[in-house]
Structure formats: structure tokens, C-alpha cells
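Should a chain be cited, it is by its letter among A, B and C, assigned in written order, with residues numbered from 1 in that chain.
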């Protein structure tokens, strides 16, 4: 009796987690059914809903100029980070009904669940499967199944360990490039000495590896000092404690290279407490990554110096690729890198914040 | 005769640190008989069975099956030798099918022919006339059928000896009948059955022979016709009827005043602990007792009075006024105190100090926002430690480091501190030294003479006869008699406990 | 370290008494850490009075950091100690519950606007609502444990798994940021006072629990339920209620820490806020010499334990131990504690001290 209750409860909790996780997705995919009906007469581009055809809507072809393209999106938990939230939102907006797509989504942080969802989408007969895998391994079989079923697979954000033949292309951020861009910017500042506090992300994460490598290499090459190189696990509080510890130890430093915005924020809190000036015209250069809106605002206010973009807006690129495949073109490259900027506090504009802030 | 013997255990000895659990016990089981193994708790029944089934290894003695001496070191070996056991608690998996339960753990091949297994299982079930299908999920069967499936599983292999350890304790009467039918079937096939139970009626219904044990020793083996109930009880309790002198009257009893409503009165009270509704009352200054064999429902009855188990129905009055007692705190507020049977499990709060253990009940009655001050607590604790002459290093000593008798005194102090009108003492003298026993008996009589009503339960009949002016006799969860005055003697009590007319 | 002290105290009843005291373990650990730091770098003890960027005086130094972050742990240790004592298990959903509390607090303060110019309601009111929510989640955990008899770690696993998603859901996945400077006081400094505010909040919480333990029977009831539930029941206590109560009190502690955490950055990160803090809180209880299997407890020892844990963390940061290696060091502490509290070790230790003659030596 009790055992049954417990298992029921655990199931309920899981469902709740997933419901929260997928909440955005489900509503986005289901709600437009009614939206489409009301909006259709106003905009001539009435999206066709294959499973629930509205009178008259069928006749009108979507923008892509053909039938509705059905898409399955597999992504990670939107709550994981601001980056992920923006990424999920961007894809949902791109592959909306209004743009001529019938989209189903699955968001979860477990690889197994993602694979299961992918299997189901293949069975549902989607035309395209867009996957951002939680884990790089374990995808061979499902990708093979997709190929057998004639489902085209596009990877985004993360590449999985599988034969390249099994997917059309992957749209990813070049983390190493992000690091290099940032380091190049730092070098350009022409400081007399480089004494850097390096706040790393969760060790082993792609973003951490890429962003760390560039700095470590540069430090070795150019003789920069890494005052401390510590992981703060993407966590503002840990970053604050680490920087606080450096300040209390009395070591001198003039650059904080934080591998995400949260950690930069934590570092700045420690500096503020010790009344160490930072940002434009300050004693310490603050560098962050990810381009959160609030971080870009800090940049614009001159509190920080640099923020490297990790572009979550892969939707357009993916849509472009799909268009190409639909029109019979072959894709020339397997790996397509997102264009990513680095913002300098002295140059950033409100427009940048609006366009690139996540 | 000799070739008829399927199992012979001779001169079995088994000791645990500090306890000699079995001392030279013999046990003989014949083909096609149901043999009852009887004795009070702690008599050594389970130890004997565990030796036989290989759970314990014996220190000394021989076991032979069908004349051949065998060495049994594990339950698996026991099974190979044809000894199967079904325990009181059903040890099957309720979420598997009946057939799966019958064959689980015994599949020789990795690839099991499920169809064949199911047909085989159905055959066995049919032959034993068990109303279950092989493919049915076990949890959908009634408890009795589950018990029967367990038996079917046990006898499926080449079973010569079947041990049933309290198989009927969770079954109702019809279910027991079904089980007995199955037992008779097996008996007809020549299986020797060892039946352990505390239900006397059932013993006399189905058994051919009885072996009685007491204090780790064999009392004797008897044919059922030659051992009347009363003698069985006296053998189990270890009192020969005629040996006992009447010791009643050694203490004077309190005479209640005329016209006074009873301190406590219950009508049709029953709880979920397996007792039938009963009526009971106790007058001011009276000492009475519940008696009966272990498991007869004597403890469950007083627990029902105190609200310790879930109350299913009944009306209760205190001093003539109806009250509602559903939880221990209700009883406590009405001036009832209960010293539980199992001191370790229900009585002491082991890691807490003697002081906290004394104060606990009274503190709960005072309420959450009125803790005793340190000064008050010390004063009360010292007072009661002195009053009951508790031997403890200090009031700060954790109660668990005290001896059993002193622990009991602390628990008694706890309840005396609440100044109850009605005090229930369930086995207050078990496992404590003789001196303390007498102290407690005297205290009971003293309290009663001051007007406290006391219900006293003890496994030792003479103790009860010495202190109580009235005895309520329980058997199989039922109140079967009430004895007072002239009837209050050993013979009469044993007769009533045994029941029947023999 | 315990062993060393045991040997030193051989033949000295003063040390025997000392080691029997429950405060011995956390105090000895604290002393050990401080001595270690003193030898390695006396700069550890330097405290400087400076001014922060807003021009207010602040104290800084490693000890102040310990005081600051240790206070959060101390507050949680209060609740965790009660839960441990009453249920013999631990709540592992504390971090997730803090995320929910912080999220609710921000939601109350910001309304639907993620960047409010002014707060929607007074902080106090928002905090009270947060407390209620956190206590409800505590009651949920408590009900699973007390009514349905689920192992506390398993029961709280549910909220541990779902909590951060719930936290994100409360704010529609947005990241509210509060610009009102006074909101930062709770996790930072009150202008003019150079001591970090979390310390004062912790002092307040400790005072409250001290009063509660003095003027109610909470300690006796909790211990009785934790040691022997059956017996407690037969003494008129309601074990179900007591257990739920302990979780509700922990919920209150969670809400307080949620306020501090959110105030530190005037914002929240659902996935990492208060991550793994439950482990530190449990460790604080254990380091305080309290049996994780429940029963008797010593609140003071738990609270000191909390500051010891933070002292350890800060020391490790100071010596540039990688943050992701911290759990390994803490694991060593846990193993040492578990081994020390094992009955067989205690007996051995007791044998080393002929004068004490008690089995409770290792306390």
C-alpha cells in the first residue's frame, strides 16, 4: 500500500518536473491551433494544420511555399540557464505555426528521456528532427532509425558522438573561438601587466573547456600571470567567495576572466565590497560570457569591460538549412558555426542589448 | 513402528551467549501425522525448528530423516532433505503470479518453459484442491489461499516433513477450515506435519500428537486423546495441578464502598489488534487482572482501554460519565496510566536520562508551553528515585544503562507521577529479579489500599492470585470467564484458560 | 585527531570529561583548522576595516567571510538538527527549497515585472508569504515522512528533483533583478554597520531557537519521538505531529536563508542557487556530534559545526584547492566522523581512557 503510494508520488513528481520543463513547449505547440484560426483571416499566410484543418486554411500554402513541415525539437531543460531559456524560446519562435511548421517539442535534462522522445517523434513521422543532446553518447541507434525512416536530423548546440553520415549538419557555437576572441580583445587592451583571476565553469563542460583553453594558452605564451584559476561551477556565490579569498590574501590582480556572466557578477560583488574599482576606467577589467541582457547593461553602464557572446539563436540558421534541403540542395559543411561577437563596454549600444541580450 | 518414523531429533542442545535455549530435546515425527509443538514463548519451539531447518547449527545431538542421520547447515539443505517450512508471515511475492511464486528460486534452466510451468502448477493446485489459478496474481488471492500456495510450494518438492509455524494466526475461521482440509490431504499422502500454534482449539481439532516444551527442555510427548486440555495448560505453564497450594488470602483486599460508580467501565470495546468486543469495569481501590495464555488478547485488551491501538468501537465511562478515549493522551487526561508489556519497545526512551524518563508523561500532560524548570525537574526526579529506590548513578544517567528492574521502576515512577486514578500494569515483573518483583507487588497493594484502581497482568499465575481480587480470563481474543472470591484458585483458572469441558 | 586527544588525556580526568562533552568534536575541529591556518599563514586572521564602493564601512578578511557564509549554514543547521533528531533522517531538498523560497520572494517583490523600479510590496510582507510557502513545502516533506513512513532521504528526493523546476516556474523562467539598494542589506551590509548582516540574522535565529528550547518542551518531545516512537506515543505524544513540526521549522529556516541568498545578488539563478547546501547542513549536524540516526541532539554543537564547515571551505579556497574538489575533502571529514562515532571505535577509545570508564567517550 505504502510502496504503491510512494511510487505513485514519485511518478507524479516526475510528471510535474517534466510538465514544468516542457510547459513552454507544450503550450507553444498546442495553443497555436486556436491562435491560427483567429489570426488566419487577418494574415493571408494562413498556416495549414494537417491534423486539424480549418476551413479555408488548407488552401493557403505557408511561407515556405509547400506543405507544412513537421519538426521535432529535442532540447535540454529550459531552466538550466539563461542561455538555454533563450535557445528554447528562439527555436519555438522560429518553428512556429505562423511560419509554416508543425512542431512538437521535448525538453529534458536526461539523455535517455531525450532518446525516447526522439524515437516517438520518428514514429510520428516528423520530417526533421532537431536535437540538442544532453549527453554526447548513446545516439547512434536512434539516429540510424531516423535515417531508415527518412527523417532528416539536424544537430544544434551540441554535436553527438555518432557517424557524420547519420545527420545532415550541426549548428554549434565555437567555444574555442569564443575564448580566442575574448583573449584577443584582452591582449588588445595593452595592459602593463596581466594578473588574471580565472573563474572557470563546471569542469569538463564544452563552454568551460573552450573558454579556458584560449586563456591558458595565451597566459603561457605571453607570460600573463594567472593569480588563481578556480572553478566556481557557473555559480555567482562561489565566484564571490573565490575572489573574496584572493582579495583577503592580499594578492594583486587587474583582470577577472569569468566564463559566464553569473560568475562575473559574483566577482564584482566581492570587488564592490572591498571598494576596488572595476570596469571602464577602473582598476580591474571584468570579462564575462553569454551576453545576458542584464550583463550587457552592466557593460553599457561601464561596470564591466567585455562580454563574449554565446549565440543561442540557432533557429534562423536551422530554418535556412531546412529550406536548402527542401529545395534539393546538398549541404556543403557538416559543422556550421554560429557567428559570435564580443562586446566592448566602450562600443556597445542599446540596440546591441536589445538584439543580442538573452 | 520404527519404519514409520520420518524424522527423529535426539538430545538436541543449543546455547546462545548467556542462554541455554535447548537442553537435550528429543522430537519424533511419524509419517502421516500432524504433530503439535506447544509451549509458552521462550520455551524453545522456534529454536528447535530453526535447528531443524538449518537456520541455526546445533551444539550437540543427532537429526535423522527416515533413519538416516543427516547434517543440515542451511535451509536449502533442509529442503533437499525433504524438510520444508511455511512461516507465519507469508514470504511470497504478492506481485508475481501463483505459478511464479511456486517456482521462484528453483528454476534450473535459464530458459524457462512458462507454459509448462503454468500447467504443472495448475496440476499441483488441483491435486491439492487449492482454489487458485497458476496465472493469477498472488495478491488477488485471499490470505488463506496465499498461505496454501506457500504450502503448495513447500510440498511440491519431495517433501517428507512440513513445518507450519503459526500459519493460522492471520486467518479467519473459514480460512482456517480450508487450511485444515489441505493439511488432512497432505497427511493422507504420508507427509509428517509439525504444527506450531498457540490456539488450543485448533490443536485438539487437527493434531494426533503433542510435544510440550518448557524453558528449553522437553516436557513430554503425548497422544492427543491422552492429554486433556487442562493438563496441557498446566504442562505448558509448569504447574502440576495438585502441587499448588492456595495462597490467596495472604493479603487483604480493598472493599469498595456501596453505590459508587466504577472508576472505569467499558462496553463492547474492541480495537484493531484482533480482540473481540468485551465488557469490563473496575471499581475504586480494586486490583484485578487479565489472564490467559500469551497471545490470548490480555495485553490487547488493556491496550484498547488505554487507546494504544486503533479503537474500532465501544463505549467507555469514567466514574459514571461517558468519555472518549481514542488516543493515549485521552486516557492520560482521564487519569489512566499504562505500563506497557514490552518495556524496551514501548516503555523506556533509551537514550534519555532517568530524569527525563520519569518526567515524560507528566510533561506531556502539562503541555507544550509549560516545561518543568530545571529545579523542579531535579526535585521530582530525586524524590521518585528515592521513593522507588531506583538504583542509578544519577538522575542524568541514560535509562538504557540501568538494569531491567530499575528501568521498570523508572517507568512506574513516570506513571505514578501523573497521579492516576486507574493504573494498568502489563507484565511489570517480567525479567526482573525476585526482590524487585515483591517490591512491585507490595506497591500495587499499597496503592490500591489508598484508593487507586489497578489492573495487573502477569504470566505468573501465583503472582496474579496473590494481588488480584478478580481475574478476567481471555482465550483466543475473547473474554471467556471472570473469576473472583472462591473461584480464585489455580485449578479453576487453568480450567477456564484451557476451555472446553475436559 | 580524536585519537590524539584521547591519548593525550590518558590519565587525566579533566580531558576525559572534556572529550565526553558533545561540543568537543566541533571545537576540536575548529581549533585544528585555526591552528593549521596560523602555522601556514597568520594572514588568515587579519581583519581590515575598509569602505565598500558605496562608501559604507565594512570589515573584511577570512574570518569575516566565515562569519558571513557560515551564518547561512548555521540557520539551516537549526532546522536540520531537529529533523534529524525527530526522524532519524535528513532533508536533502533544502537547496531546492531555498531556490523555491528565493523565487517566491522575488515574485512577490517584483510582481510580473522582472525589472521593477519600485517593489510591489514591503519586503517584510513578501518574506512572510515566503515563509508560509516554505513551511508548506516543509509540511509536504514532513507528511510523506511521518504519515506515510517514507525514509526522509527518499521522501525529500521528490522535492530535490522537482524543486528547481518549480522555482523557475514561479517566475515564468524569467530572471527578476531588484534594483532597490535596501534589498541588498539582508545578504550584505547595513550602511554604517561593518559586520555582515547574515551574521545578525543568524544570531536572531539562534536566539529564537534557544528561547523556544528553553520555554517549550520541544527538545524533550523531539528527542522522545526520535529515540523511541512507540514509547513516545504511549506517553501521549503525537509522533506524526512532532515530525511534521520539525520539517516545518526547517522550512522556516529555509525561507530565512532564501532571503539572504537572493539578497546577496538581488537576483536568482534557479539552477545553482544554494546548490549542495543541504550536504553542508547535514555535515554541520554530524560534525556537531549528533547521531544522524536521530534521538538526542545538541543544538549548540550543530551551530558551531556549521561555522566549522564554512571555516573548512574558506581555508580550502584560500589554499587554491579546486572548488570541485571540495566535496572530496568534506567526504574525508564525513568518513572520519562516521568512523569515530561507530560503536566499535568508541569502545576502543574508551579502553584508552581507563578513568572515564564510559562508552560515551567519543562524544
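Note that in this section a residue touches a chain if its C-beta (ideal position, glycine included) is under 8 Å from a C-beta of that chain, and two chains touch if they have at least 3 such contacts.
Computed from a predicted structure; not experimentally measured.
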item	value
Chain ID, smallest distance between chain and overall C-alpha centroids	C
Highest-count interface - the chain pair sharing the most C-beta contacts	A-C
Remotest chain, subunit C as reference, centres from CA atoms	B
Distance from subunit C to subunit A - Cα centre to Cα centre, in angstrom	34
Rounded Å distance between subunit B and subunit C, as computed from the means of their C-alpha atoms	46
Chain centre separation in whole Å, for subunit B relative to subunit A (CA means)	67
Footprint of subunit C on subunit A - complex, ascending	2, 5-6, 9-10, 13-14, 16-17, 20-21, 23-24, 77-82, 85, 202-203, 228, 230-238, 240-242, 244-245, 247-250, 262, 265-266, 269, 271-277, 292, 294
Contacting residues of subunit B [partner subunit C, same complex]	306, 308, 327-329, 332, 338, 340, 345-352, 356, 359-361, 363-365, 367-371, 414
Subunit B contact footprint on subunit C (complex, rising order)	214-218, 220-221, 223-224, 227-228, 230-238, 295-296
Subunit A partner contacts - residues on subunit C that touch it in the complex	43, 46, 50-54, 58, 60-62, 65, 69, 144, 148-150, 154, 157-159, 161-162, 164-169, 173, 175, 177, 188-189, 261, 264-265, 267, 269-273, 275, 313-314, 317-318, 320, 322-324
